[in-house]
Amino acid sequence: MNELTEFRQQVRQWLEQNCPVSMRGAAALDEIYRGGSRETFSSDEAKLWFERMLDKGWTAPGWPKQYGGAGLSDPQVKVLKQEMKRLGCRAPLEAGQGLAMLGPALLEFGTEQQKLEHLPRIARGEVRWCQGYSEPGAGSDLANVQCRAKDMGDHFLINGTKIWTSNADVADWIFCLVRTDPDAGKQEGISFLLVDMAQPGVSVKPIELISGDSDFCQVFLDDVRAEKHNLIGEINQGWTVGKRLLQHERTLMSEIGDLSMGAASDLPECARLYIGLENGKLAESQLRMRVAQSEMNSQVLQLAQRKAFEEAKSGRVNPAATSFFKYYATEQQSVRYELMLALMGERALGWEHKRMDVSSFEDQELSVTRNWAFSKALTIAGGSSEIQLNVIAKRVLGLPDRTEGANKS
Amino acid sequence: MDFNDTPSEAKFRAQVRAWLKQHATPKINGVAAKRKLPEAQQLQAAKHWQKKIYDAGWACITWPKAYGGRGGTQMELVIWREEVADYDELDGFFTIGHGMCGPALMAYATEEQKRHLLPRLASGEDVWCQLFSEPGAGSDVAALKTRADPCGNGWKVNGQKVWTSGAHFADYGIVLCRTDPTVPKHQGITFFFIDMKQEGVTAQPIKQADGGAHFNEVFFNDAEIPDIQRLGEVGGGWKGALTVLMSERMAVGSLQATGFPELLSLVQRLPLEDGFAIDNAAVADKLADWYVKHAGLKHTNSRILSAISRGAPPGPEASIGKLVAAPMNQDINSYAVQLLGMNGMVTDPELAEKQAHFQKEMLFAPGIRLAGGTDEVMRNIIAEQVLGMPQDKRDDKDVPFNEVPVGV
Amino acid sequence: MTMVLTEAQNLLKDTARDFIQSKAPVAALRQLREYYKDLPEGSCNAAAIELGYSQELWEQMSELGWAGIVIPEAYGGLEFGYQGLGVVLEECGRTLAASPLFATVALGAGCIQEIGSDEQKQTLLPKVAEGRTTLALALEEHPRHTPTRIATCAEATDDGYTLKGFKTFVLDGHCADQLVVVARTSGGIEESEGISLFLVDANAPGVRRSRTAMLDSRNVARIVFDNVRLKSEALIGMEGQGYPALETVLDRARILLAAEMLGGVQECFERTIEYLKEREQFGTKIGSFQALQHRAAKMLTEVELSQAAVMAALSALDENSSNARLLASLVKARLNDTFELITNEAVQMHGGMGVTDELDIGLFLKRARVTMQILGDSSYHRDRYASLSGY
């Protein structure tokens, strides 16, 4: 226990000294560093922050040192996250498909050589990964894999299509579920392969929506090569790996959860502080109802994330999930910050200034104001709410688009 | 713009007030009791009232005297409506006739027809209806399929209309028919008026979710219309209808209830767990919001009307009134029913005597959001015609009507 | 917390759907509601209309074991859990099926199960599980849900109690065999102390029942207790200490009612999406208009969130979690709001057809408004949620 307290003090001190001020407080979506060969830093300080954290092994703090991590224990990782949250530090590298999903699966199923080859490149932000699970026509039944991989002796030859692959157009590698034995049962003949996307035969087509924009892609694999040593787990046993990997989506889900909470997480506490209680109830009955409504919405969102996670664990992916979580979480966050402002009154109207004195405002108060401003970006960047609604309408509800809907004889 | 009465308007208002006080039935607790009578009795009461105001010279205030009107101004009409709204009198049966059919006749009918028909309409002797919507042509009225084919000295009509208010007791109706299917949809439509009691016309009431049957399906089976009953050019019916539809939105917008006065009167006397509803902070908050909208609507309406009284044509801003009032009416009635708790859900007349008002309104309210142009159509009009946003792509605009493929 | 159905629960859901869709479609409610009209002689089953549900249907439901889903095996039930009863009620909600399932099992038997004596359980629960006895909970006395505001009183006598008072909106109270009556044995009108529960024979002298015609044709009754004499064995649980148990039962019932509402929500939503894909205006399917697509997508979001809330709450009941209280208010408020939104949008998007009696959507609109009031409207539950959360 003492060791952990000591560790906490070290971490706190290090963060306070090393985390640039501009890297504290919620990041707008285009300020998040996601890694990969096509990514750039949004500012010099973002780069500095990333390099300092990388140096400590804290981009993947729980991974063993030889794989690019810091070898921290689970309680230590938790302390680090708590301290980062306390100071409002941004994640130096987004917990995306590589860091949060493929990484943990490799640690569990990968050979020593596979771990050494792939994990450090993820931790260093050199390679961005995407996930090749869904296929056209397969719907939410992920085990219905049609994409074929033929054993060519020293490598596999892959032919097929993956769809609804997030960010495939900016990813370097893709991890895929492929069918290696068409005669086996549905879940039996599947293997898990890592595929370099920088090779002939891989083409990526963003799925254009009505708005002309999209987060999703279709990935065409046409005589694409995957080396034998990039097979994870046993041949024809890929479903086990794939399913386990979906469990790591929990981490991603909770990241979305954090996104929905942010610094506005303790809305009731804020209300107690600024409005006060009368007979155990918030003194302003209208604000009290708004706080309750907002709390209820947040709780329901968490329950829905939990449900989606458990469904994914059992191999059924809710196709609506990603879009409506992004839509609802960011809209709710925006509402929560507006409510915080209403609760705090003029205490929320300060703004950091280089020359003028803002010491009459608490740091916490200034950070709420800043986060409120950032929250406006969240419903726009990374696929605006309107785009998420388009995706739900088209992909989940199957509503026609204007050209399909029009009568053509 | 001035919301206060001018001296002449004030004088007019005083006259109206005095006359109404003497001749009209007051509301009790803000609730109009006559609206709960069976339909036949309502119609009788409405005709009786209309004749009374016609004889006293208050009917159709803006119409020329020669056609049974008063020859008054739009502002006088507004004043009349504001004042009469405080009384328990029925005018809904003539809204369409006076707001749409009358203006259509004045624009297109022969002088002889006008002198014969308009006074009968003004005095409530005849009831008129409007036959535009069809099963396949709801929001998209121009997709109508009811045919009128030349026949001797006139036209023979075949087809089906739907959502026709009051068709089962109407004497006449204005109707849109397709006379040329080989040209794009807006160009092959002709406008007529038709005798609803004649052979070949059948009206069949549609039962609504609220239990009433305000609307009808109307079937035309070789119904003949003499050519003299054509309103405007052959193929020019769409333009004629647009003018009329505009006045419908106008009529609906300016007369439309928001439910606010009734709600106010309810919360003043409704006990909740901790005192009267009006003393509850949450209720007061809602009331204040709705009052702001209610007052805004009233002033928007006056603004539109003062533009009209300066001689400007009714603009598309008229859509705003309906778009705000109709959903507000739905929200308010739904809220009132919730305030009443389970008492709002009872249909036993003896138990629900007072409350049935809100319950009925709640169930009828969705219909108001649909009739005379849905909310969605109103928003399109505002976006395109008021805000000048680019027009939406239309897939069927320039295609001959009979080549627009029919859906699966 | 378990947020996916087990295989057995899925099987039950499928069975329930097949059964309800074929035996109790929406058309069945249309027949039953003729109660409110002048009935043409012999036009349909007069006994069913009197009862407000079909006895034959109820017997079949009981044969399927539904009446005993949450009753312990020791008392002849299946002990299958609340998630199971939830999926059945959800399917019932899809067709607005009329049956005494909710009132008997969730409300009436719930009280017996919670604090009844072993003898009361032995006598009643097996009969309930077999569908031979129906129960109702006589609680409300005011138009709005206020479970502590009880004026009906039970005065102690030499060998028991005398019950006096008036109850309203008693679900299925007009035809239940036995009533669980919430009455005051001491304490002031707003106090939770002093509330007791009694088991009363619905046909006992002094009990006068009359059925109330409701907007959505749901079955409710007004009941007068005119000096009804009760034996001391009629008391359920401890005298004056009934409220905590009652609140637990009400929370379960709120969650189960939310499950029923979820069925209605899903049915309306699915029908509306289908309509958007079929209906053509302006030469195209109306579902291709972005204005409607976005509203449909928002509806989906609310539906998904509601599903998660219902599952979580039912699972909290099965795990006997202390969280169930908060979740009950959460889920009832959410389903109230979602059902209101979905039914309003369904009517608007169906256009003129939506306000006709011919289309079922109007029936869901009415059902939504009534279920929104039963066991607390949204403002009641937001207030309760805030209080339970300490603000």
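Just so it is clear, A, B and C label the chains in written order, and each chain counts residues from 1 on its own.
Everything that follows uses one rule, which is that a contact is a pair of C-beta atoms (placed from the backbone, for glycine too) under 8 Å apart; a residue touches a chain by one contact, two chains touch by 3 or more.
What you see is a predicted model, and the numbers here were worked out from it, not measured in a lab.
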Of A-B and A-C, whichever chain pair has more C-beta contact pairs: A-C
Central chain (distance from its CA mean to the mean of all protein CA atoms): C
Most remote chain, CA-based centroid, reference being chain B: A
Separation of mean Cα positions, chain C and chain A [Å, integer]: 40
Centre distance in Å when chain A and chain B are each reduced to the mean of their C-alpha atoms: 53
Junction residues of chain A, two or more chains touched: 289, 402, 406-407
Multi-chain contact residues (two or more partners), chain B: 282, 395-396, 404, 407
Multi-chain contact residues (two or more partners), chain C: 280, 283-285, 292, 379
Touching residues (chain side chain B, partner chain A) in the complex: 281-282, 285, 393, 395-396, 404-407
Sites on chain C touched by chain B in the complex: 36, 140, 142-146, 149, 168-169, 212-216, 220, 278, 280-285, 289, 291-292, 340, 344, 347-348, 351-352, 354-359, 361-363, 365-366, 369-370, 372-374, 377, 379
Complex interface listing, chain B residues touching chain C: 133, 136-140, 143, 162-163, 206-211, 215, 272-273, 282, 330, 334, 337-338, 340-348, 351, 359, 362-364, 366-367, 369-371, 374-376, 379, 394-396, 399, 404, 407
Residue ranges of chain A in contact with chain B within the complex: 285-286, 289, 402, 406-409
Residues of chain A defined as touching chain C within the complex: 210, 268, 271-272, 277, 280-282, 288-289, 291-293, 295-296, 299-301, 303-304, 306-307, 309-311, 314, 316, 318, 320, 324, 327-328, 386, 388-390, 392-394, 396-402, 404-407
